[in-house]
Structures are given as structure tokens and as C-alpha cells.
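Note that the chains are named A, B, C and D in the order they appear, and that numbering of residues resets to 1 at the start of each chain.
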Amino acid sequence: MASTFGRLFRIATWGESHGAGVGVVIDGCPPRLPIRRDEIQAELERRRPGQSKITSRRDEADQVEILSGVEDGLTLGTPIALLVRNADARPGDYEEMKTKFRPSHADFTYQAKYGIRAVAGGGRASARETIGRVAAGAIARTLLTHAAGIEIVAYVKQVCDISAEVDPSAVSRAMVEANIVRCPDAKAASAMIEFIDAIRKAGDSVGGVVEAVARKVPAGLGEPVFDRLEADLGKALLSLPACNGFEVGSGFGGTRLRGSQHNDAFYSDGERVRTRSNRSGGIQGGISNGEDIVVRAAFKPTATVLVPQETVDVDGKPTTLQARGRHDPCVLPRAVPIVEAMLALVLADHWLRQRALVGGTA
Amino acid sequence: MASTFGRLFRIATWGESHGAGVGVVIDGCPPRLPIRRDEIQAELERRRPGQSKITSRRDEADQVEILSGVEDGLTLGTPIALLVRNADARPGDYEEMKTKFRPSHADFTYQAKYGIRAVAGGGRASARETIGRVAAGAIARTLLTHAAGIEIVAYVKQVCDISAEVDPSAVSRAMVEANIVRCPDAKAASAMIEFIDAIRKAGDSVGGVVEAVARKVPAGLGEPVFDRLEADLGKALLSLPACNGFEVGSGFGGTRLRGSQHNDAFYSDGERVRTRSNRSGGIQGGISNGEDIVVRAAFKPTATVLVPQETVDVDGKPTTLQARGRHDPCVLPRAVPIVEAMLALVLADHWLRQRALVGGTA
Amino acid sequence: MASTFGRLFRIATWGESHGAGVGVVIDGCPPRLPIRRDEIQAELERRRPGQSKITSRRDEADQVEILSGVEDGLTLGTPIALLVRNADARPGDYEEMKTKFRPSHADFTYQAKYGIRAVAGGGRASARETIGRVAAGAIARTLLTHAAGIEIVAYVKQVCDISAEVDPSAVSRAMVEANIVRCPDAKAASAMIEFIDAIRKAGDSVGGVVEAVARKVPAGLGEPVFDRLEADLGKALLSLPACNGFEVGSGFGGTRLRGSQHNDAFYSDGERVRTRSNRSGGIQGGISNGEDIVVRAAFKPTATVLVPQETVDVDGKPTTLQARGRHDPCVLPRAVPIVEAMLALVLADHWLRQRALVGGTA
Amino acid sequence: MASTFGRLFRIATWGESHGAGVGVVIDGCPPRLPIRRDEIQAELERRRPGQSKITSRRDEADQVEILSGVEDGLTLGTPIALLVRNADARPGDYEEMKTKFRPSHADFTYQAKYGIRAVAGGGRASARETIGRVAAGAIARTLLTHAAGIEIVAYVKQVCDISAEVDPSAVSRAMVEANIVRCPDAKAASAMIEFIDAIRKAGDSVGGVVEAVARKVPAGLGEPVFDRLEADLGKALLSLPACNGFEVGSGFGGTRLRGSQHNDAFYSDGERVRTRSNRSGGIQGGISNGEDIVVRAAFKPTATVLVPQETVDVDGKPTTLQARGRHDPCVLPRAVPIVEAMLALVLADHWLRQRALVGGTA
């Protein structure tokens, strides 16, 4: 049951990195929504490895097939099953990992939990699992666009010590896609690319921060007390591989302000009640207030590095591991579409929940 | 359905701040667990306002009654209902708030979502809702203690710019309870108390960070891919009032390290596989690895401040609000038992889930 | 988690028969719905023992208190907690049952499952648990009335070998409440009452069938494939104490017809598509078709009888049990409001689910 | 969310009859369970049309592919995805149904609910959906066999007016598979086969009753109050196409007995507490008592008959429909493996739930 997410717009992902394929079943998508395979495929292209010199060199074609739930380009209201076949398996790359636990990877914990694990490619712990999320997210986004005109944009905000200046209220996908690191601040982007490339050559890895904004979200989404919008967004992003931090609005930085500095003053803008600042990140009391929703996710450095590391083997004996394979020196650029997908999934779910509760949103 | 939390150790909280009471129903607690009312009450004492000069002056007695699920001091395996009657209501304090939205509070968003709201005391958005969480958390903790000897300790790590030095592997509840701010670093604690008291006198508020550790957690808890342990912990803490940030292990700070610096090397310690460092915060691949679980939650400054603020009234007209009432200048000290409760609830849930999956934990 | 029911209109009941009380928390009820305590109380009066000579002589006042979720007579959209205190406990009546398992009762299975049980009054297995269902059902019914004008009427259709003739499309609550057995066929009702009274005097018990109709249900409720409307209705009724059979429409009798005889021909009635017959019981393909929903629930004879029975004690030794206490000779009359409540809960849930899916019902 | 079933052993089915395929994802299956593709395939063979002269003549090969969750013949503890490609589509058969609603079929209600429907083959309402259930059920059965030695056997108990005599405690799969109608009473089976064949030639259809037994189920499965074992079994079977009635133990017939006749006396059989009779059908108070679990499901006559029927078209105009296609005159023989699968799914789920609650079953 741990591979399902969402209450009303609900997805179930499945698949190991080196099994027959990966996929997702979406249950709860409203009927009569226009769905195009090429729109889903386009999101997968943004996620796949091999797209640039700063991502993994693995070449995964990742062609998506719509197996059910859509007829003549329209959703039927029934479960939508999407399948992506695996390919390009090089099991030889993983021979050493059969017997040695990679530090800070999921090898040891999967073994401890299940008493068994799919060694090749990390199995279920592989980032290939996110293919199902991205594919489902593309459909969630279509729902949000049609239903409420909601826009979602994510981008790389920070790589190691290099930070970007980005205006969440104005950033566009075109600005994000303008460079291979997906950072809309051109100057920072250049520095990031150069840095990641150097790290790659050194066989090392780096982490960073993805920021995301959802605009035109109507006030009223989010369900106190446990399903506060920030709680569900936080869970969504923290469920991504390598994500170990989450913030909404002012986040950790906001803890250094006083209430009188931090509060967002209300004012009237025609019919709408708006706020002069947005330290709340568009969410107050767990419910969207109509301002831009702004969140950030921290991603640790990729665990698989090509330098020798101390570890133990499956029998507990000390050993050294020098990983091989074609891993990402920095997951951030490929995390951008995944973060967008998770935002879309959470918002689609809450949009439907609000429609159930009061019949719709303003 | 938004007031339920957990899958197997499941709680449902209810109650508005100025209704008849607040409470919780726990469904899924195993049978034959020893439960004492006074142990639950003791946790509520740590949470309640009026306990010191740096918390709200409201005096809420908060006596808990066990209504069901326990007989002769043992759980029956049936739902455990706990009730705390409300008292000390001063509706007059909230007269102005009927018509004016408090900035950065839940007034506006509740109105936008539901088209109605309980004005007095914030209604459902009041921190009184956490009484149910703390009471249920006390029972979850009993389960964890009996089942696995798990220890949970939370403490104030930072207030505004004042940070504490604390060793998560050694901190004890006695050290936390040694001062009214619940910070086990005595020097930082003094500074925090002085600072909060000054802020209180100024009618302002401050935020900060609570850190928490869970020790002796067996390896294997957490269920990829969506119910990763850090995802469920993140959701748990981000569902708390005023929490807008979450980290596990190295968190945002870890994004500034390289993989070769960040990875936790494995070594053998007798029968156990352990790690030399703990930047993973005890969780790898979404599953506990047997090391200390270390998380942090950011709490923004309390929204209710006693200085005049720009806002609008329910008709959208500009106005000024100067809050009255007996609010906390800093929620951190009272957040400590609440954070502990949320950790206990998540771990109890996952402990049962692991028992369902493989019959138990090592 | 086993004491929760429903997905969007979700209830959690709690309470043992001889603990402090019983109750329910309703999570997911839409806001701004008018709720009156006396309307809930009226349903509880129909359920309570002591209401006539053919029900248990126990006198349980069962006064309901609304603890949360309602202010000034309107729902807030937050959880609604309802509490009924227990009273009239006569633990002495249950002394013998501490050590002897009552045949066909839940004593043995609770002990086998939990390793512990609340002996007095059957504990959680007591029919007092249904108080929470009836109270929640009253609120569900209010939602259905306001939202869609749906009418629900249940009645005793059969007691042992005595069957009633009732027209589901015309039966009213007044007709049902016209006699103490709640059978709208006056002639059958007289026979039933006489028979039950004789059974009571003999210290024995009888079972029977409750039939229920829901009228003016819009077409479109029910969610294939697993949450077909008849599947959720079936689960709802089969979850009642003593219920061991369920039918919709023609049910078991329909298995003796041929398809050409059984099918319900469609015709047009103005704007509506209707059926000439209703062997489908208002549900086709798991979805309501706009016709009357007609279901039946079988209730076995009450397990507690006052004649000596062969059984074993808690140590497995053979013994004889002669139950005492004030039990119902026939649960049917009191089951009527409970069945209505369960129908209301299922329909309210599906009404909200359909609103989430497509924005409403025709 | 309506295409998911189960809490801990959870399945999600997907697929329309004439889309790319049908399938299922199983989430929550314990790790290290031996799974063989041919065992799953064998169950699908029992379900598929074209297997005998009394089933539909459609020839559906229904080859299952294991896409994930299994490696080297052992489950990994991760989601198991199973895929069966569709084939043999003859869309021409359904041309007339595009515009005309088949009486007592799901055409009208799907259109009313979703505003759209997959016409060919009934789309999601097709019995092809049960392929996913049967495949998942085969895995659930493997779990039950390994974990507890539980045996499940279903069989045709009644076809129209022809009833069989079967001893649930002794019936074996071999006896069931001995004839094409899957009725272990040879004499009744012959009569049923002859009758169904005549009905088929007449272009008509018949219904009947499937009975099923689960043996060696440990005492303690089932979770009061809403997830009583009979409630979950009832929901499971009532969620099957054409099922409109459910009974456990004495069922509707038991309503004609008195309590003193109906109760199952307890006695000691060595270490076990057993009952002399089994009118409870192995379930008391919603929990298994260790006796054979015996349930029955009523299936109405197949809606699609080849005789002319009154109906309306999609514009509400009166018309006549004479169905074509290769439909089953009687679904009972093919329902047998489906009923077994549903029992296995419910019992596997509750077996895991009991393990979570108390660490295992006796």
C-alpha cells in the first residue's frame, strides 16, 4: 500500500529499474479530460537520463504506452494505466553491488527490511520509479489547467554553494528550459553547469535545492488538520529519492524574523483579498490563500560516487567499494520535472477534495 | 477524512478551541498494552499554556478522560477515545476577530474554504487541536517502549538567532525539562528565555527550530516509495500549526557538501551494520538503518501579535487590527511534546506496518 | 482502522457497552449544513432498548451531546464528535459470562483475536456500538435531504416465517412507526408482535429480514469496480451485529429467472430514462440508475437465549450456560433505524464522491 | 480510488475490455514468497471464455506477464504488476450498442455517471476486469497456503432451479473441476449442463448461486466493527459483475430458526474450542472462529440475451435491441475461480492485519 499516493486523484506506481518495466495506475481522474500521449512523453523526456552532459550518460528511451482509461483522446473516468518498458540494462555494472552495500544508498536498508532486494540498478529504489510519477503528473497538470488554469513551474534554485535569483511570480517554463541545468538565472546557470561538469569529471557528486511555484491556485485548497496543503506537499517532495528537506514560504529562514516582520498584511484588490508580502508561501492555516504557492526541496548529493569508499559486504565484513556505472553527478536538473509532477498530483487531489466538500472552488 | 492520521496506528482528532472539548480516537492500537491515565496527563501538562512566564498566560487545566478501549489498565484492541473538556473560554477576547482577518492566521483561509468559521480562539485552527495528538502520542510511545525500547526526545534547537549545541545521541528528557524553554544547552537556554520574555513584553513573537531524535529504532521501518519514513515524518511535523519547514539528517545544510563528503561509511559493530557518520539522519532509501533518527522542524513566529497590523474585514474593507488575548510569544517550548508525539505516532504506525509485512523487526 | 467507515463522509465509532460511553466522529461532512440535536436524539430513541414490550427491557436513556463541528446549528466542515454516556450498567448480570463463552456470540472470537475482552455487556461487540452509527446516519440523512431530496425508509419485512407485503415505492416512515414491530403491513405486524412476545416469554429468540428503500437517488452514484453501490451497501449492512445475508433487487430469488424475464426494459419518461420493472433494485453495473434502491438484510436469531446451552469455559472445559440479562428476543424492530442509518452513510459518501468526480449529480 | 481493494494486501485493477489490455498492481505482498507465472496462468485458464460449450465462444488467450515485484521466482516486497494484453476484439459486434442501452446492463448508468463510456465489449464494466482479480487472487492464495495452510474451494451450488448437494468440509478442487459446470454433485452437474446448453440455444441466460468454503482459517481474522470478516467478504463478492446477493453460514434460511435452534454449541476438541454445528459459517462477532468459512453469492441471469428487448437509444427514443456477440448463457462456471480469488484476497488482507495487530495468528 506504500506505493499509492493521493486520496481522490490517486496513483499507484510499480516497477524495478531492471525488471520488465515501470508504470503507474491513476485512479480517480475525472472523465472527459483531453489526454495526449505526446504530452506525457514530453515530460518523460525532461526526466530521462542522457539528455545532456551533466546528467547520467545512460540512454533510456522511456516510451510511454497508455494501456487503459482513455478512448479517442478523452479520459473515461476509469483507471488510467501507463507503461514504460525498461531497456539498456547492463547488469554487469552492478556485479560488485550484489555483495557490497553502497554507502548512503538503499542497499542495506532494503535488505534489512525485506530480507531480499533487486540488486541491479537499485531495483525499486532506483530513480526510474519516478517515471510513473512524472507520467501521472502530466495528467494531473492537464486537469489543473482545464479546471482552474493553475500553472506550475519548478527550477534549480541552488547547486552546492551557487544560488540563483529567481522571481517565482514571473518565471516561465521557457526560462527554465533555456539551459541544461534548468536554472532560469543565466549567470548562475553557467556557473552551475561548469561546476557540475567538474564534479562529474572528479567522479564525485553534488546536491542542491529545487524551488517550485504554483500560480493561480484558488483559495481554499488543503484540508486541516493532517492534510494541510504544506503537509501533503512536504510528504510528496520528501518521498522523492535524495530529498531530505522541505520548506514552504519563508521556511527555515523565516524562523529568524519576528511576527511583526513576518506576517503578510491583507489588502483588497478588487474582489480578491490579497497579501502585500508572501512569506506564507501561499498557504495559511494549511489552506491556500490564493497567492503563489512557493516551496523548496533539498536534495542531498547523489550517493553513488566513483571514488573508493569504506563499507561492509552482505556478511558484515569490512571492504572497499568503488562504484561504476553511469550515474548523475547532480540530480537537480532531472528533479525539476519530477518536483512539478508531485506538485500537480497534490494540487489535483486537493482540487477534487474541495469540489467534494463544497461543490467547487471560487 | 482530513483529521485522520496513520494507516495502522490511526488517530482521528476533533474539536474546536471554544466548543465543548477536544479529543482523539485511536484505532488500531494493539491489545494488552498497559495504559495509565496519569502518563497521558503528564504529556498534556507539558503542552498546556500557562506553564511558565514565556508561554501563554491562559490557564487551561486540560484533564483527559479515557472513554473507551481500555479496561483494568490494559488496551482491548478496540478504539481508544480520549476527551478533554474545554474551559476558560473568554469569547470577548475574540469580538474584533469576528469581522477582521488576522494577518498570516487561518481566519481568511477557513472562511474561503468552508464559507463559515468558528471565530472564537481560532476554532479548529487553534493549537488546542494538538491536545488529541499529544494524548494519542503518549499511547504510541508506550507501544514503542514496550515493543522495541524506542526512545524519543525533542528539544528547542534554535530561537530566532540563538542556536543551541545538543548531542542527539545523549540528550535526555531530564536535560530538556531542566528549563522552561526546553533547550538542553543551558547557556543557550538562558539567552532564549531572556529573549522570548523581551519579545513578549514588546507584544511581538518569534519562531525557531525544534530538533528531535528517535533512538533504538530498528532497521527496516518506512515503506517506499511514497511512505518513506522521512516523508511520513515530514508530513507529521508539517501538519503542525506554524510549522513551515522540515529536515532529516543533514537537510538543507547537506546540499552544500559533495557526495564523497556526505556519504555515511558502513562498518561492522559486532552483529550490527552501522555507519561512521549520520548525515542520513538514520534513514536511507526511505527506511530506517538503525542509527539515530534526527529531524528538525521550523516554526514561524506566532501570527498573533499585539502590535497594530494592516488587514481587511470580512467585507474586504481595509482596516487595522490590534490583537488582544493571551497568546504565546514563542510556540517552541510547547511544541516540544507535540513534536515528540508526532514522531511516536509515525514510528508506531510503521512498526505495526513492518510487523504486518514480515512478521516483526529484528 | 477497522472502526472507520466511508471515504469522504467518514465515520469512526468507539465505545464498549459498559465503559464510559459510546460515540462517533464524523470527518468530511460539508460545511453550512443545519444540524439539530433533537433530530439526532429522535433517531436514537428509535434505536434504544426499552421502547416496547418486544424489545429488551433495559432502559438506556442515550442522550447525545454534540462536542464539536457544529456552531449555531450549522456544520463547520470540521469533524463532528458525538458522545452518549453509558448508564444503567448491571455488571452482575455478566458474572457468569466472564468464564463461559456464550454460543454464537462474540465472546470466544474476541478472546481468540485480542487475547483480552471486555466481558460486561459484550464490550465492543455490543449493539450499543450502533449508537454512533445511528447518530452519524442522522447527519448523513440531513445532507442527503438537503442536497438531493433523497428519502430512506426501512421496515421489518419478515420475522421468522411471517412475511409482510410492502410496496417500497409508497411506504412512509409514518406507516413504519404505526406499530412497535415497525412493519407497515398491519396484519403481518400483529402476527409478528404476538409471535415475538411468545418467543420472549419462552426465553428464546427469532430472526428475520429488514427491507429498505432509498428513493429519489440520482443516477450515477456508485464507483466501479470495487466500490459498486451494492458492494458498499452490502458491506454496510453485513457489518451490523447479527446480519448474515444481503440482497439487492431480485437477489437470491432472481437466480431462478431467465435473463429475458429478469431484465428491466428501458423507456423514456419525459427527460428521464426509466425502467418498466426494478429487478435491478435501482443499481446497474454498480451504479444507481435513478430507480428506487431496494435492499434486504437477513438478521439471525439473537444469540443470547435464556435456555441452557452446551458450551466451554475459558479453560476449555465443558459446561452449561443459562444466560441472564435483559436481551432482545428479536432485534428486527430496533434494527430498522440502524439499517436506515447505514444506507444514509453509504449514499452520503457516494454523493460526495460523485461531486468530486464530475462536479455533482444530475 | 474505486478500483483498489484491500488495506494491507491491496490490489488495483485497470483496463477496458477492448483497450490495450487489463491488469492489476498488488501492493503489500510480503517479500520472499515463491511465485510462478504458470500458477497464475492456470487460474486465468479457469476464468477465460471459450473453455467449454456452456461458456462464451470468444477465444481469449489471456497470457499473463509479470512486470515487476518478482525476481528469480520470489516476491521482493515491492508492487507486483501483472499485464494481460487484449486480443480478439470484434468491435463490429458492438455497433448497435453505441446508440442503444442494453437493458439491465451498465451502458446507461456508465453514461449517466461519467458522461462518456467505452462502448465496445462493455468497457470497464466487462467481466474482463476480473482477470486482474483472478491473477492477484492466485498470489494471495500462495500467501495463505504458505502462511497458514488455508484451503479455498468454490463451486456451483445452484443453477436456476437446479440445486446441488455438496459437503463444504470435504469438497476438493478435483471434484469441482471434474465437469464443465464446476459443480461437484455429478447428478446435479449433468442437469445443469443440459439446462444451460438449452438456454444457450434459446438465446437466453440463467443465474444461480456459487458457494465457497475456506478451511483451516485460524481463529481471529476479521476486524470489528466495520471490517467484520463477513462484511469484507460480502463486499468482495458483491463487487463482482452480476452478483446481487450474499450469505454467510445459515444466511437468509437461518432467519426462520429460533436462537435455541440456530446457536452453535461450543465443545473442546483437544486444544481447540470448536462448535458442534456451523450455522455461523465460521464467523462470530465478525471474527473467524476456526471452523470452515462458508459463503454463498447469488448471480443474476446474464443481462445480454439474444432475444429482442424494449429499450431506448442515447437520445431517449424508444427502440428495440437484439444483442449479438458471443456471450455467456450462464456466468456461474467461470465465476467459480473469481469467487475463490476474492476470498483469497480478503483472507490474505485480514491475515496480514492480524499479524500487524498481535504479531500473528495461532
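Just so we're on the same page, a contact is a pair of C-beta atoms (placed from the backbone, for glycine too) under 8 Å apart; a residue touches a chain by one contact, two chains touch by 3 or more.
Keep in mind that what you see is a predicted model, and the values were worked out from it rather than measured.
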Original post:
Out of A-D and A-C, which chain pair has the most contact pairs?
Top reply: A-D
Original post:
Degrees of rotation, nearest 5, to put the Cα trace of chain A on chain B?
Top reply: 180
**OP:** Go ahead and note the Å separation of the Cα centroids belonging to chain C and chain D.
**Re:** 26
**OP:** For chain A and chain D, let me know how many angstrom lie between their CA-based centres, rounded off.
**Re:** 39
Original post:
Between chain A and chain C, what's the gap in Å when you average each chain's C-alpha atoms?
Top reply: 45
Original post:
Which chain B residues sit where two or more other chains touch them?
Top reply: 1-4, 7-8, 13, 28, 31, 77-78, 113-115, 124, 224, 353, 357-358
Original post:
Where on chain B is chain A touching in the complex?
Top reply: 1-5, 7, 13, 101, 103-110, 112-115, 124-125, 129, 158, 160-161, 199, 204-209, 219-228, 230-232, 234-236, 238-239, 241, 243-252, 254-268, 271, 273, 275-276, 279-281, 283-290, 298-305, 307, 309-312, 316-318, 353-354, 357-358, 362
Subject >> Residues on chain D engaged by chain A in the complex (per definition of touch) >> reply: 1-4, 7-8, 10, 12-16, 19-23, 25, 27-28, 31-32, 65-69, 71, 74, 76-81, 83, 113-118, 123-124
Original post:
In their shared complex, at which residues does chain A touch chain C?
Top reply: 7-8, 28, 30-31, 77-78, 224, 352-353, 355-360
